[in-house]
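After the structure tokens below, expect a handful of questions from me.
Chain IDs A, B, C, D, E, F, G, H, I, J, K, L, M and N follow the sequence of writing; residue 1 opens each chain.
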Amino acid sequence: MDSITLIAIVSIITAGLTISIGVIAPALGEGRAVSTALSSLAQQPDAATTITRTLFVGLAIIESTAIYCFVVSMILIFANPFWNYAITGAAGK
Amino acid sequence: MDSITLIAIVSIITAGLTISIGVIAPALGEGRAVSTALSSLAQQPDAATTITRTLFVGLAIIESTAIYCFVVSMILIFANPFWNYAITGAAGK
Amino acid sequence: MDSITLIAIVSIITAGLTISIGVIAPALGEGRAVSTALSSLAQQPDAATTITRTLFVGLAIIESTAIYCFVVSMILIFANPFWNYAITGAAGK
Amino acid sequence: MDSITLIAIVSIITAGLTISIGVIAPALGEGRAVSTALSSLAQQPDAATTITRTLFVGLAIIESTAIYCFVVSMILIFANPFWNYAITGAAGK
Amino acid sequence: MDSITLIAIVSIITAGLTISIGVIAPALGEGRAVSTALSSLAQQPDAATTITRTLFVGLAIIESTAIYCFVVSMILIFANPFWNYAITGAAGK
Amino acid sequence: MDSITLIAIVSIITAGLTISIGVIAPALGEGRAVSTALSSLAQQPDAATTITRTLFVGLAIIESTAIYCFVVSMILIFANPFWNYAITGAAGK
Amino acid sequence: MDSITLIAIVSIITAGLTISIGVIAPALGEGRAVSTALSSLAQQPDAATTITRTLFVGLAIIESTAIYCFVVSMILIFANPFWNYAITGAAGK
Amino acid sequence: MDSITLIAIVSIITAGLTISIGVIAPALGEGRAVSTALSSLAQQPDAATTITRTLFVGLAIIESTAIYCFVVSMILIFANPFWNYAITGAAGK
Amino acid sequence: MDSITLIAIVSIITAGLTISIGVIAPALGEGRAVSTALSSLAQQPDAATTITRTLFVGLAIIESTAIYCFVVSMILIFANPFWNYAITGAAGK
Amino acid sequence: MDSITLIAIVSIITAGLTISIGVIAPALGEGRAVSTALSSLAQQPDAATTITRTLFVGLAIIESTAIYCFVVSMILIFANPFWNYAITGAAGK
Amino acid sequence: MDSITLIAIVSIITAGLTISIGVIAPALGEGRAVSTALSSLAQQPDAATTITRTLFVGLAIIESTAIYCFVVSMILIFANPFWNYAITGAAGK
Amino acid sequence: MDSITLIAIVSIITAGLTISIGVIAPALGEGRAVSTALSSLAQQPDAATTITRTLFVGLAIIESTAIYCFVVSMILIFANPFWNYAITGAAGK
Amino acid sequence: MDSITLIAIVSIITAGLTISIGVIAPALGEGRAVSTALSSLAQQPDAATTITRTLFVGLAIIESTAIYCFVVSMILIFANPFWNYAITGAAGK
Amino acid sequence: MDSITLIAIVSIITAGLTISIGVIAPALGEGRAVSTALSSLAQQPDAATTITRTLFVGLAIIESTAIYCFVVSMILIFANPFWNYAITGAAGK
């Protein structure tokens, strides 16, 4: 196993695990937030404007943590500095 | 084991794990959201319009995290840059 | 162990694990949704139309995550690009 | 260990694990759905028709995820394309 | 370790694990269903006919997932196509 | 380690694990069912006949999953086809 | 390590694990049943006869699953057919 | 490592694990039973006789599962048939 | 590593694990029993005599499972028959 | 495997794991905070100003822990002192 | 690695693990007992004498299980019979 | 693998794990504190000053545990005494 | 790896694990006790003296289990008899 | 790998793990304590002085367990007796 293969393998595994583990908590947290929003709407329909606005701000903040993981995953697949260093070295030989 | 085989193996495993682990939380979160929507509908049938609209927006946001995983999984199977690099190298020999 | 055998083994294991792990959360989520639908029906029989319609839309969205896994599993068994590449290479020798 | 033995072993293990892991969630989900159906029937006997109909539709959808696993398990035992490829190759020698 | 021994070992382990893991969820689900049925009977003795009928249909569907596992386990012990292939090959030598 | 010893070892381990893991869920499920039966009896002593009858039918169905495991365990100890094949082969030498 | 030692070791480990894992669920289930029986007695002292009788029948059924494990454990220690085969073979040399 | 040492090691480990794992569930179950007994006594002091009698019968049955493990553990330390066979063989050399 | 060292090592590890794992459940069970006793005393101070007596009997029974583990742990350290056999053999050389 | 490859591999894995594990708790905590905010808004619409302000301060503090992980992850990918030391050494040869 | 080093290593690890694992359950159990005592005092201040006395007796019994572990841990560090045997043997050479 | 590489690798892994594991509990604890603060504000808007002040003091104390981990993580990356010792030794050669 | 290094390594790891694992349960138990104390104070401010006194006695007892672990950890770092024996032996060479 | 490198590696890992594992429980416990304090303040604003004072004493005691871990972690990084012994030995050569 040469270095390039190793870095490729590790990048693939890490990219997959990062996004799959990384969406667990955001999805659960969003499920909880949406769920409470719905029961709050049923309980107090008059506050629908405030509730939906707070819900969307909250979802955006929670989604941001999922996006951190997606960003790292994409960096590892398409803009991986270690991979670039390695294939530059290989091309330069 | 040559490099191509290794990258193929790792891509297969990671693609499978990414989507199978990645749908756990979205499915649970969506189940929770749908479940609360139904009990909210039973409790306050008059707010059905607001509830279903908020539910569908919420489901879309939660589903997005599952789609991140599906996208990464598909990239790893059909548009894997590391695999392309490897088979290009193999073809060029 | 030659490359073809390895890819075959890995594809079998991953296909099985993907679908078996991947149905855990959808099945639990659907069980929860159906369960709440039933208690909502018992509580508010008049809203049966809205409840069942929302339930079926919700079930379809949750089922979609299980179908992502089934699709990946079938791709790995019957339309695996890595396997095709490998047996093409083996046939071409 | 030759290739055929390896593929046979892996197919056996995966077939068993797929179905045994794959029925966990459907069985729990169905247990939950049936359980709520029963308490809903006790609470609102007049809605028995709607409740049982919704229950059976829901059970069918949940059972479908168990059937995905059973299908994959049967494919791995009786219609395994990797096994067929391997024994064809062995027979052709 | 020759091929036949290996396949025998793997078949034994998988058969045992399949049935032992596979009954976990059905048994828990059935326990839950029976348990709710009993408390529903105590709460609404007049609906005993509907409750017991729905209970038995539900138990049958849940039991079906345990039976999938039992079937796979029995196939692996008494009608294992991989084992048959192996001992046919051994006998033919 | 010759084949016979290996098959013996694996049969012993699997027989033990099958029954010990396999009774976990039935015992918990039965405990739950008995437990609810007792509180239902305390709540509605008049329905004792229906409750105990439903309880015993339910316990029988739950016990059946434990018995599947006991059967597989006994088959592996006293009527193991792989063991018989192996000692027949050893005796025939 | 000769065969006899190996079979002895495996039998010891399996016998111990079978009984220690096997009593987990029965003990928890019985604890739950006894516990509910006590609170039911406190709630409805008049039904003491029915409650204790149902309790003892239930405990017997739950205990039966622990006894399956004890039986397998004793068989592995004192009436192990694989051990008998092995020491017969050793004595016959 | 000769056979006698191996069997001694395995017996020590198994004896310790059997009793330490084996008391987990009985202790928890008994804690639950005693705990409910106390709250039942506080709720219905008049039924003290029935409650304490049922408690002690229940504790005896739960304790029996811990005693199964203690028995197996003592057998493995002081009356281990495999150990006896081994040291008899060693003494006979 | 000679036999004596091995048996010593295994005895040390097992003695430590047996007592540390073995006190988990009794301590939790006793905590639960004491806890319920205290809330029962607060709820029904008149039944203090019965409650404390039942508590102490219950604690004694739960403590007995911790003492089984302590006994096995002490036997392994100070009265270990396998260790005695080994050092007798070593001394006799 | 030379040092540079090793450091690259370890940096990739650690960067991915750090962010994916590190967002679990913040996402869950934020989900909980948003969820309670929504039910508080439904319960006391008059305190909306105080509630949303406290919510946003709280979310910022919780998000800060996710940002610690993102910072460490970015440092490991783009400003890794160990990597810089290694490639400086490699370039200087 | 000679025997003395090995026994020293194992004693260190086991001593640490025994006390660290062994205090988990007592600390949790005591936390529960103290916690209930406090809420009982708030609910029934007149029974303070009985409650605190029962609490201290209960804490003593729960603490005893932690002390078993501390005793074993101290024995392994300062009065370890296996260590004494080993260094006696080493000194006697 | 020379010493410098090894220390670099271990420092990277430990720095990442320390911060990612270390923020789990603070984030959950802060989520809980914020969540209760919000429901307390909704319940008692008049005590808003006391509640928010206590909340911020509490958050600061909880955040301090996350900062301990961040400090250790930064020390390991930028002020690691072991790394300094190693590269000083390497530079001095 | 000579003996001194090994004992040093093991002492470091064990000292760290002992204190980090050993504070889990005391911290949780104390958190629970403090938490109940606060809600008891809110419920019955008149019993503040008794409650705080009982709380501090309880905390001291729970803290004692954490201190056992800290003592063992410090002994392993600064007064380790096995380390002293080893460096005495090394110095004496 | 020489001794110095090994001790450095182990010290780094242990220091990181000790603090990251060690803050889990204190952070959760403090979160719980703060959380209850807030709901108690909302419920009984008049007892604010007693509640905040008890809260801060409690937080200090819980924080002390986190500080034990931080102290051990700092000792391992900056005042490690085993490391000092090793580099003294290395310097003395």
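For this structure, a couple of remarks:
Keep this in mind: a residue touches a chain if its C-beta (ideal position, glycine included) is under 8 Å from a C-beta of that chain, and two chains touch if they have at least 3 such contacts.
All values reported here derive from a predicted model rather than from experimental measurement.
Listed by label, the chains that touch chain B and also chain K number zero.
If you take chain D and chain I together, no chain is in touch with both.
Superposing chain C on chain I by their CA atoms means rotating through 155 degrees, a value rounded to the nearest 5. Residue numbering at the chain F/chain G interface overlaps only partly, since under half of the positions present are found in both copies. Our note on geometry: chain F versus chain N, Cα centroid distance of 48 Å, whole angstroms. Centroids of chain H and chain I (each the mean of its C-alpha atoms) stand 11 Å apart. In terms of their C-alpha centroids, the spacing between chain F and chain I amounts to 30 Å. The residues of chain M that reach two or more other chains are 1, 11, 13, 15, 17, 19, 21, 24-26, 28, 30-33, 35-37, 39, 41, 43, 55, 59, 66, 73, listed in rising order.
In terms of inter-chain touching, the protein chains here make up one closed cycle, each touching precisely two others. Here the chains link up into one ring; start at chain A, go to chain J, and the full order comes out as A, J, L, N, M, K, I, H, G, F, E, D, C, B. Residues 1, 3, 6-7, 10-11, 13-15, 17-19, 21-22, 24-26, 28-33, 35-37, 39-41, 43-44, 46-47, 50-51, 54-55, 57-59, 61-62, 64-66, 68-69, 72-73, 75-76, 80-82, 85-86 of chain I are the ones that touch chain H when the two sit in their complex. Within the complex formed with chain K, the chain I residues making contact are 1-2, 4-5, 8-9, 11-13, 15-17, 19-21, 23-39, 41-43, 45, 48, 52, 55-56, 59, 63, 66, 70, 73, 77-78, 83, 87.
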